[in-house]
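What follows is a group of structures, each given as structure tokens.
Two complexes follow with chain A in common, the first pairing it with chain B and the second with chain C.
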Partner chain A sequence: MAINMAKITDAIFAVHELEEMADRKLEVNKVHPLVKLVITLAYMILVVSFHKYNLPGLLPFILYPLILLKLSDIPVKACLGKIRGLLPLLLFIGIFNPIFDSAPYVYIAGIGISGGIISMVTLFLKGMYCISASFLLIATTGIDGICYALRLLHIPNILVTQFLLTYRYITVLMAEANGVYQAYSLRAPGEKGVKYKIWGSLIGQLLLRSIDRAGNLYESMLLRGFNGEFAYIKKTKAQGRDYAFLSLWLGIFAVLYFGIKILI
Partner chain B sequence: MHMADALIAPAVAATMYAASGVTTAYSIKKVRFENDPKKIPTMGIMSAFVFATQMINFTIPGTGSSGHLCGGLLLSILLGPYAGFLSMVSVLLIQCLLFADGGLLALGANIWNMAFYGCFVGYLLIYRPLTKKTMNRTKIMLASVLGSVISLQLGAFSVTLETLFSGITALSFGQFLALMQPIHLAIGTVEGLITGTVVIFLYNTRPELLRKDAPEGKFSYKKVMVILGVTVLLIGGGLSLAASSNPDGLEWSIEKMTGSTEMNAKDNYADTVQSAAKVQEKTALLPDYAFPDSNSPAGTSFSGIFGAAIVAAVTVGCCVLFKMFRKKDSTT
Partner chain C sequence: MWLAKAKDSVKNIKVNTNQENGYKGIIECSNLSFSYESGMEILKDITFTTREGESVGIVGANGAGKSTLLRILVGLETTYSGEVLIDKIPVSRDTLAAVRAHAGYLFQDSDNQLFTQSVYQDVAFAPRNYGLGEEDVDKRVMEALNTMGITHLKDKQIYKMSGGEKKMASIATLLSMTPDILLFDEPSIALDPSNRRTLINVLNRLELTKLIASHDLDLILETCSRVILISEGGIVKEGPAEEILKDKKLLESNHLELPLCMQGYTPFKGGSGEN
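After this line comes the complex of A and B, so read on.
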């Protein structure tokens, strides 16, 4: 079949897989969501703040994703799968660096390495680190946990509720879109995508169904006593071990960041 | 068009977060003001719909390739610009958290590049004025394509600026722009065509979904000026700090060719050029974007804000003059 339906089914699978990972009862999963969010953001800010030629400074920061992968018992392959999606973009931007920045920046064993090559590698590393950190956050916390952390940060309820609803319905609507797409592709063998003539009616039908579903959803929510606020997860307070986890990681980041600056 | 975390410097990320944050806060206020309890579930479902639809490939007529929907303009047409913007924020957050499309640090930039332009420029400034008085198939299609193309061009332009301010790419401003804009012209056209066909379908089957009978909010110059003022302060004051440490694209090219960021006149016009430079030096209020004889970063920030304020004052002055002349014309 020419139309690639795997894209939608893969996405549905990815959402369920992440939920299963987040639901496990591992120690790292039990850490307070806000603590994990703060650590992830601190890590990302430090990683992207490195200068494009500062490759030695960036290298030790691989420790965080490696240790968290081990703690969360997540296969490296799953993490690499996320990075794969980013590669074309990084390649598009990074490939020009060695071409336009060809002056030797450093000599290793007499071989001159251009600034462009170093900046391309740091770009790839930054991308890889940030994607891994973001993936590990969501795989150990889950969307419910992230929403809870966002509410603790006083992000308006309207935005968080809307986001949570979107999340809960993406799999339903992706399954519906998949059904429509599958039905079309079975009637249009050899087509690469949906034909121009039926762009409007195909998406329009799906849209009308979604609008009706929104009406039903709202009525069901009202019947269950929806008052504008979701009960996300059982509300937890950060405990001693959460603060210890936070202090430990922030300490490691500080040592790596300033230690490298002193050494180099 | 999703910016990745690796492509953005912390200063640029923070500036874009601030700009998107202000827009989000304003949109939340507007949606709250509507006080429609059904709106939030509808927004949730519509965001999920756009997300699911983005996965469908559409064959582009006459070519062997396919495109897909982005959704900002469509969401604004269905929900209004403010609710549409918030729904796009959800879509972008889901893409970033679940599918590694974009990044957490770059989220502010992505919201600005994809949601802001689509909802507030594409819909509010282009689609709505074009279809406000009369709505027909041609107008819907024209407004959708125009709205999408302009939104995507602005979005691509912003990506270029953000990447360059972050100092990530060795490409010059012109080279990067030449890569980004044509690609997004094609993407914008396809996006517009998909949006147009869907809206025409709705126009034929459920026109009540497109005609909002709710009274229009009164246009407030004061609010617009406050938003513009905050944006000017953020961009002028914040981004100028990030921009000042490196030469810009043009200066970079000149530096590569001549070894200096400024051109030296060597031809017959040398005297004229030098005289002009002297006049400029004497009259410039803030030479080289700083206080005279000072390298303080405060001077750079001040220059950014001051320059933007002058541009704003001139623009407002022109608008006032234009309005006065128009009034005169209508009275005669």
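After this line comes the complex of A and C, so read on.
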């Protein structure tokens, strides 16, 4: 039995790639983090609030991720590539719906489509929309920006800092895992993955090393005046164009939500 | 609880606090001893003082206690006995914020020093924590980057930087705090000759009190006027850099050797194994 850890490098690269995306000077990246967070939350709440059989109502909401992908200059393929790991999970969540809810709900060209199938697709779409919106928020705002926005929403500092440090710890953990795995593989030629017999010591080492490294980083923060208060990015106030961006999107969401309710 | 205290004291610290008590760049250690909880004694009765703007080298073999000494000076270890003063401020849990506003500490590994996305963010981290406005933060960052000659790296992602660039950026993160004292733990480790030379030039240019712990005795010779030789946690000898670093017998008895520039030329015999 073996575990393949060769994808760690890719994962580290993916995290850095996301941070780099957020660091670009695009107009959408310049929008105030709080505005983008509010829009994303509003979008997710609206999408999730749709009834499980209201598939037609949900479909137009694809506009938001599509337009944002265009604005942030991220190809659809790249976005799908980033979130593809979660797609099986989304499918799995609703996979039993057709079994438990097999009664036909609607007939299309004489063919009865069960409520279970519709609710499964609805659930999948809701998940896809929410994940895409989250991905786009991170890719255009960055974790530091999101944390700043959370603080502006008066989320307790301890929670925000915890979230931020956890995010940083994940990259430290991945970097250490990569180092440990490389050291192992160089001395275990021809082996695929890591032998189960040494999983215990390897994971133990990994934990100790990553804790040590995280401790050093924390000390470095303390030495430079970190006092538990979040001060990572430039504090800015929302400008007129930020409010315009917010109003525009909330307006579009309202039109889509209520317009569809009237039409259907 | 101590974090809450630190929080309050950081809030009370304003920019350039380092000049507030009138002392600049003075380190005073009296009878400093330090042991870990296990009882292992790391430092024994260390006593020394630095003057303003002085550059002092701390040399000694692996495990001699050099890094621990530096960690105590910035309050990363506070359970020592004896007296440690940074610009007349006693180093204790209650004074950490003030001490750290006076003294900056450079980690051996730059990856431990830099933790944000870009160079700018990392250099701005301390000024922002000390409550400076964005204009002042920007000024501090640009000054620090300029001193280190790395303004072109301002927006560079840290994971894309070379070891030499990271080292320069790490020093800039300290300079943005405008400290009076800089503590360097093995600053030339893993640097290529060119980056090492740049580092030496930078160290010589910085008119701050510097305490440099290193095995790189050539670097110490080029950057420090005084040397403190530590062995098994105690000071073996202290004096002018040239005097100590040319004492072959003294160095060898403490698991060190003469700086390369003092070893004289030895003809290279190739890799055949012949002598």
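Annotations for the structure displayed:
We adopt the following convention: the second predicted complex is superposed on the first by the 224 of 264 C-alpha atoms of A that agree within 3 Å, B and C clash if a C-alpha of one lies under 4 Å from a C-alpha of the other, contacts with A are read in each partner's own complex, and residues count from 1 in each chain.
FYI, contacts are C-beta pairs under 8 Å (C-beta built on N, C-alpha and C of every residue); 3 or more make two chains touch, one makes a residue touch a chain.
Keep in mind the model is a prediction, meaning the values are calculated, not measured.
Once chain A of one complex is fitted onto chain A of the other, the partner contacts of A:Thr161 are limited to chain B, with no touch recorded for chain C. Shared-chain residue A:Lys261: touches no atom of chain B or chain C.
In the superposed model, A:Arg241 lies in contact with neither chain B nor chain C. In the superposition on chain A, A:Arg213 makes contact with both chain B and chain C.
Chain A is touched at more residues by one of its partners, and among chain B and chain C that partner is B. By the touch criterion defined above, A:Gly142 reaches chain C but does not reach chain B. Using the contact criterion defined above for the overlaid structures, shared-chain residue A:Arg224 touches chain C, although it does not reach chain B. Contact with chain C, but none with chain B, is seen for A:Asp23 once the two complexes are overlaid on the shared chain. According to the touch criterion, the shared surface of chain A, contacted by chain B in one complex and chain C in the other, consists of residues 168, 213, 217, 221, 228.
On the chain A side of its complex with chain C, the touching residues are 16, 19-20, 22-23, 142, 144, 168, 213, 216-217, 219-229, 231-235. For chain A in complex with chain B, the residues that touch the partner chain are 3-4, 7-8, 11, 14-15, 18, 40-41, 44-45, 47-49, 52, 82-83, 85-86, 89-90, 93-94, 96-97, 99-101, 116, 119, 123-124, 126-127, 130-131, 134-135, 137-138, 143, 146, 156, 158-159, 161-170, 172-174, 176-177, 181, 191-196, 199-204, 206-208, 210-211, 213-215, 217-218, 221, 228. The part of chain C that touches chain A in the complex is made up of residues 3-4, 6-7, 10-11, 13, 74, 76, 96-97, 100-101, 104-105, 107, 109, 111-113, 115-118, 121, 124-126, 128-130, 134, 137, 155, 157, 159, 173, 177. By the touch criterion given at the top, residues 2, 4-10, 13, 24-25, 28, 31-32, 37-38, 40-49, 51-53, 55-61, 64-66, 69, 78, 86-87, 89-91, 93-94, 96-101, 103-105, 163, 167-172, 175, 193-194, 197-198, 200-202, 205-206, 209 of chain B touch chain A in their complex.
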